[in-house]
Amino acid sequence: MATKLVLRGIRKEFGSTVAVDDLTLSVEEGEFLSLLGPSGCGKSTTLAIIAGFEAPTRGDVIVDGRRINDVPAQERGIGLVFQDYAIFTRMSVFENLSFGLRVRGLGRVAIEERVGRVASLLHLTEALQRPSVSLNMSELQRVALGRVLVLEPPLLLLDEPLSNLDAAIRLTLRTELRRLQQELRQTVVYVTHDQIEAMSMSDRIAVMDAGRILQIGSPMEIFDCPQSRFVATFIGDPPINILPASLTTVGGHVVVRHGGLAVAFNGAQAQAALTGQVEMAFRPTDVVVRRDSSSRAAFEMVVDLVEPLGSETVVHLRAMDTAIRAVVPPAFAPRVGERVGVSIPAERVHLIDAASGIVVR
Amino acid sequence: MKATVAANSTRNVEAQAEGIRPTLVQHIPFAVWLIVPAEIVLLSVVVFPTLMSLWLSLTSWTPTSGVNWWQAEFQWLANYVQLLFGDERFRAALLRTLLIVVVGVAAEISIGLSLALLFFDDFPWKKIAISAIILPMMIVPVDAANAFFMLFRDVGPVNQLVRILVGHPVRFAWLSDSNLAIVPILLVEIWQWTPLMFLMLLTGLMALPQNQLRAAVALGASRWQLFRRIILPLIAPVVVLSLVIRSVEIFKIFDPVYILTRGGPGTSTETLSMWMYDNGFVYFRIAYVAAAGFLVLLVVLAYVLLILRPLSRRTAAER
Amino acid sequence: MYQSSTLLRMLKWLAVIAAMCFALFPIFWMVSTSFKPIQEWSTYPPVWIPRQPTLENYLALLNPAALAGSHSIDYKVAETAWRPLLNSLIISTSATFFSVCFGTLAAYGVSRYKSGGESYPMFVLTVRMFPPIAVAVPMLVMYSFLHLTGTYVGLVLAYTAFTLPLSIWMIRSFIDEIPREIEEAAVVYGLSSIRAFWRVTFPLIRGALVATALFIYILNWSEFLFALSLTNGALTTVTVQVSNYFSASSGQLYGPQAALGTLSTIPVIFFGYLIQRHLVRGLTFGAIKR
Amino acid sequence: MRKESKRSTVVPEHTVSRGDMLDRRTFIKRTTKGAAAVAASTAVGGMPWVTSAMAAVSQDTPDARAIAGAKALLGRRQVRQLTILEPSGSLGDIVPVAKEWTRLTGVEIKYIEVPLLEIAQRVLQEAVARTGAWDLALPASFALPDIAESGVVVDLTDLAQKYRPDDGVAGCQMLYPIANYYKGRLYGFGTDGDTYMMFYRKDLLEDAQEQTRFQQEHGYKLAIPETWEELDAQVKYFHRPDKNLYGGALFRSRGFIAWEWNIRFHGKGRWLFDDNMKPQINSEAGVKAAEEMLAITKYLDPGARSNGLFENFEAYGSGRSYCNIGWGGSQKYFWDPKKSKVYGKLAWGMAPGGKVNGKKFYAPYFNWGWNYVVNRYSRAPELAYLFAQFAYSPKMSTQAVRFRGGYFDPFRTCHYTDPVIREIYGDGFLAVHRQSMTHNFPDLYLKGHGEYWDVLDANLQSADVGKKTPKQALDETAAAWEKITNRVGREKQIAQWRFVKAHYPPELAKILA
Amino acid sequence: MSSTGTLRVEGLTKRFGRTVAIADVSFQVGDGELFTVVGPTNAGKTTTLRTIAGLETPDGGTVFINDRPMNAVHSSRRKVSLMFQNLALFPHLSGFENIAFPLRNARMRREEIQRRVEEIADLLRIGHLLDRLPRTYSGGEQQRVALARALAPTSEVLLLDEPLSNLDAHIRTSLRAELKRLHREFGRTIVYVTHDQVEAMSLSDRIAVLREGRMQQIGTPEEIYERPANRFVATFIGSPPINFVPAAVVEDAGGVWLTNAWLKLRAPAHLAPALRQHPRDSVLVAVRPEDITVTPLATGDRVGDLTVYAVEPLGAKTIVDVKTPDGNIKAIVRRSWEGRPNMPVTVGVDERRIHVLREGDEEFLPSGPDRAAPVQTTSAG
């Protein structure tokens, strides 16, 4: 039932602007792959190309080894869920769910049976006869999904399906959606700009920017080993700290320094990065903050701002012109103006080539 | 009565300017104040003559009788009775007008919709084609009717075109054959106002939620299914609106009839307005025409409400 | 959204071309006739493109003196087309001005304050439903008392009244599109309600008002019935002048008539294209939610 | 040829011409500025254009009196302008007169032009509108009863007594004055001799071959038809559409069709109403007239059902029909070699009649004409009257009729001798026209004429296009006429009907039943 | 340079037709305080704000600014600034004119306006936007200009309606911090409306939680998070939301226990007295995700038969959905936590940090003062 999707050298131009640039990607059977990127990065265009609403300027769309560039959208049989759900507003829930079956001319009994199954899967059985305009956001989302699932599509494309939902529901549906995919073992391409969604749901994430895929990998790969400044910044909340830094070699060690903040690597590790301007990048969650600021390894910083978030607290720290964010447990309860000691484990620091934005370590 | 409210509201506006927050009750007059100028115009130009018409419709007044209208002989509903039960020509004009409304509006909307669907997709020179197609609605109706008069004369180009099509000379008497004369009249209306329908419906189509259409396509809908099940229900409000706007206007159809046939041959193209013009301005049976005017208003109102009812019901449901 | 086959594309093209021909042919005929000498007005078979194009028809309208010596048209008209053109200009412009001014105020009231109640817009619309001809005679009576027959004021008043409903409906749909919060922001930041409208809402709908004005202008410019019945000949508008070259039963002077038709259409088309975009927005009266 | 003296006897007593001297004296007595009047008359007499036959018989002519009167009035009042509501196409006839008037009095003439068939409505609208926007109007003669009844125009009888429009017109009698009166009062000055004329193609009519063939087919000579039966036979005979020749260009269009039927009906020897105003139109004679009329529709010019006046001119002027019906205005077009291909190829006849008691007779018909009327709401009714009298006067009306592009036709005896007019119309035509003018029967001058006629017209057209049988059409018309009569007031209508009947040419009146 | 003021709202009620938007809402905002009104959609937050601004006329209650009743004062005279959710920038005015708009209406001198606008623009780093029209701005830029317009006048109360909604996550995070810093520098009195509890928590001096027009709780972020007044507040604040686990109250020699098929907790000291009054009652135990530990089976103390439902790595931490016989519960675990769906696990709960309510109740059982703070560590990771 699941399908393998391959995109090969896809390029899409709108007039003089290039929306998608030489995009090659393969989605394995039963895989949940996220296209993650900021708005305008070309991820929705890619989706439209897969669905058949846009013809690629160049390149092939291949499903299970078959090139489908010339297959019209209505014959591709690809399930597509839109960001705005695109529920047929003039129809009831049942009519929405059964639409795909009705246009295929299925019998009433078969339709009712299949719709019934999907409705119960998505907890929509009670709502079947309601007009779609009366639904709330989460119901709409489920109808949009059900409308597609009822056709048992081998390939499911989801375009920001959670972005219109309230935080709490989003959290629940995130889990449900992933669960459902794992049960149905469907191949899913999921488009989102929300890195938390991508992280939490995907088998693999393809991070896109300006029409190109910058990195593909499992969520933890992407999180731990970003290959570029863009990926590093885009993933993680609060965002990664990036500081311009200087490199000095002290004995067998390379020391990366920004103001008073220094991290020492052993030479081999930093070999590649010895030339040019570099930046050091580390996640707020990797910053070690101590009340005791006199520790040898710690750099003394002042608490500038405290943002309690409940389960954790974000503190903004400052020393001279150095400003970083750190995440501390709520019980740490720092106060503004307090002096703290800060250290960063070397293995948690990435070095970025300032000119190219490529992560060199 | 509304004028006095207006005076209050002016004070209210000053009160607002002084920074005193008006209460809800004080708020209403400001609202009324805004519609006062429009009301004055409507009251003076429309409402007075309407009331006078109402009075006249209950009398037997005619300006050629030499009696002042307010002294006219009161005769209750005699005019209405006569219109409804004794005037074959009026009834025929009413039915004919209804026919023109139904045929004209149906043609305008269906052609307009077809064209709009045709223009839904992009193609080269689309803008120019649109400009050409909407040109007729900008022609002064009297000029349009004149142009059609020229076209449909029996020595006119339409017969010439038919001749080219059928291969031998024809002399359809478009304007003087009682069976044909309605054709040019309908055609002017259709020619002139289909562009408006086209434009409204095209705008409607363009404003449709694109993703619903895409969703339907992705779910496998064919062109026809897409149109029938998705597009049509979605643009229904625009269609109904077009329907109402055009119907109301066609009900009053006058210029083309006046110019093309003056209601002839015989009375075979006499519409309500033409009938009223003849009775009012030729026979000067003004009281009688006034009564007819009210009957027509009732018919139009009933028609409009009938059409609008499902729409407003749905809007209510959506709220 | 769908890919079309070549055949289908060709059919579509044919349909578009057919529609264009249907739309343009009568206009072509009018313009063509306006350049025909009298001999070609109504010969059979008809003359499609004037064989001897002439400006006589236009001269007959605008400057008959220049025709002296030419016998092609020995038809004299009581007045040149200048006066009717000027009359139409004055009347249409003033009526449009008032219609849009009063319409804006009323539309603002309806949109923001529900002025006149929920059914007020519908009530206003019934004005458009009443056959104008049925009120024409009472209006004539009223006008004769007020000495308004055949005056600019009389026609301007009538036109204003009968276009007001459309003004109100169109402008209302424009105002509805402006977020209420923008006005409220102006109020919060120190303006009275009226000044908030004037300083903030008005500049925002200015373009739309121009569009409405031009649409109303077209209606006024094309109006025939009131111009015919409320002036009693004392004031001739373009439409009446056009019909003066004509009467279904007495024959007509096709050439000058077509020439005046062409002349009177040009400004409308010119304005029409200026406002095309706004026009459709207004004409949907907000039925299309965006 | 004349019976004009006889005809004029039917005109109410007080309008009949009196002795010149007496009138002149009265006039001078009544006028405060007699000297000025005389001076004005002299000036007129001295004008170079006064060349017509009847010119300057006396200085005391109607036009001179009008000018003198106007000057007298102008001395007291500041009216510098008169406005005429005129039917489109008549301007050319009015302008020469108006220019002269302006030259003599200093009063400018302005015009309001309205479509030909709508002038009566516009005049009637004034009854409601009361604008005073125009001082004079030129409605069709048949609309005068309605217009007079509405009170919108001034009863000119007293003014006429004061200014004596018919004094000093010796040798230039008005041939058809009855349309100036309604119920014995003067309301307007006729200014157009609109008698219905027949046009035949002389080249075909006198063609020897055709003559022989026709004689063979019909057993009688091919000549100007005297009855409709003969005319119909010729129409059918000459109808050769394959050779681009049609039997006739007679009207079958709205506003015209009833006229032809009316002549045919008279040709059957019946009055439109009996003495109680009961319509006789749906009698056997009426139905027969309609049937005969509709039977030849298919032999007519293909545009017959839609041709208006000018289209008819073009159609017949192109030479594609054998015969035509029309007025002097038609002749002006056909007799213009620049426009018409039938110039020089025409023969004319009076409108055919019928055969009653074995005796054939013509039924010439006066069916249109324009009358100057004075607006009651005018600011200067008397001045307006004076202009009307001026324009109606022998001298000025000759000027008007002379205009080739207009449709004012001869209506005074002296018009027929004017060289310019003879040049324009041709002597052949004028002879028949004059004859027709002196024998023609009048339109239905009743209140509600518009409505009576419109109903008849619409019904006949319906019958023509096959929507109704002639019998049905006429029955329905008769029923409608009864309603109109009842609504207007039967007694009033009977009185006027008697008046109209009294003005029928006696030889025709004798025949009608 | 800025004036500040206090705001007091007493018994505010507003109805639209038959629906009640807010009912009897009262609160007080001190001079220079940043006060947040948080709640889900239709909680009445915006209505509250609009009523304070004078754009809605209350059906009951009074708004006081600096202890002056404001009900009869027109919006334009209330000396409040309102930043609308849709920003309501004047589209036809440049950035400069937008910001200067309130100043011009206040008849400020030309040079002073110039100075003031530039000052604000500097502060918000929007100097480059001043000459441009709003439609050329990005979302974040629009937000800043709208904020600048709200900050520019010397209003006594600043009302901000969802000022950060519709922004991308990263921009929102940084603008949030910026706003907080700005507030600290200016010390203006701010009423801040949001539906995002994270924003409310991170920004506010105090938070008011509103639901369906009714006030649920007012307190500092810590109070609201640690001691939610009722079930709604507990659920609404915190992400992932608090877990509710049904249990029965059992008292034995060992003390008071909260038990069900898979969980057995000793009631903490601060709850024990209250629980003793409800022996054998069905209760719901509320546990924050961060207070749950999940351990693969066969290690640690076994509490019940549970499996992993889903694992959601978030980078620095991971959320584990555990399937229990009573529904799923979510726990936050360390990032390196290894687990797959359907894997059997056990869970542990930090019982010192639980809340309890009786089934059917909305309010939590009262707890004593000795509730433990979260475990203090030096750092995550």
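Observations, loosely collected:
The letters A, B, C, D and E name the chains in turn, as written, and every chain counts its residues from 1.
Everything below uses one rule, namely that a residue touches a chain if its C-beta (ideal position, glycine included) is under 8 Å from a C-beta of that chain, and two chains touch if they have at least 3 such contacts.
It should be emphasised that the depicted structure is a prediction, and the values quoted were computed from it without experimental measurement.
For this structure, the chains sharing the highest number of C-beta contacts are B-C. The most distant chain from chain A is D, comparing centres defined as mean Cα coordinates. The distance from the centre of chain B to the centre of chain D, with each centre set as the mean of the Cα atoms, comes to 42 Å. For the pair chain A and chain D, the distance between C-alpha centroids works out to 95 Å. Spacing of chain A relative to chain B, judged by their CA centroids, is 55 angstrom.
Shared contact sites, meaning residues of chain E that touch two or more other chains, fall at 54, 74-76.
Each of residues 125, 128, 253-255, 311 in chain D touches at least two other chains.
In chain A, 53, 73-74 are the positions where the chain touches two or more neighbouring chains simultaneously. Across the interface of their complex, chain B is touched by residues 51-53, 73-80, 82-91, 99-100, 103-104, 131, 133, 144, 147-148, 151 of chain A. Interface of chain D with chain B (complex): residues 121, 124-125, 127-128, 146, 149-151, 252-255, 302-306, 311, 447-448, 450-451, 454, 458-468. Within the complex formed with chain E, the residues of chain A that make contact are 38-39, 166-168, 171, 174-175, 178-179, 182, 193-196, 199-201, 219-220, 223, 233-239, 283, 285-290, 304-305, 307-312, 314, 316, 326-332, 336, 348.
Across the interface of their complex, chain D is touched by residues 63-64, 66, 153-155, 171, 173, 175-179, 261-268, 278, 281-284, 286 of chain B. Across the complex, chain E is touched by residues 179, 181-182, 184-192, 200, 203-204 of chain C.
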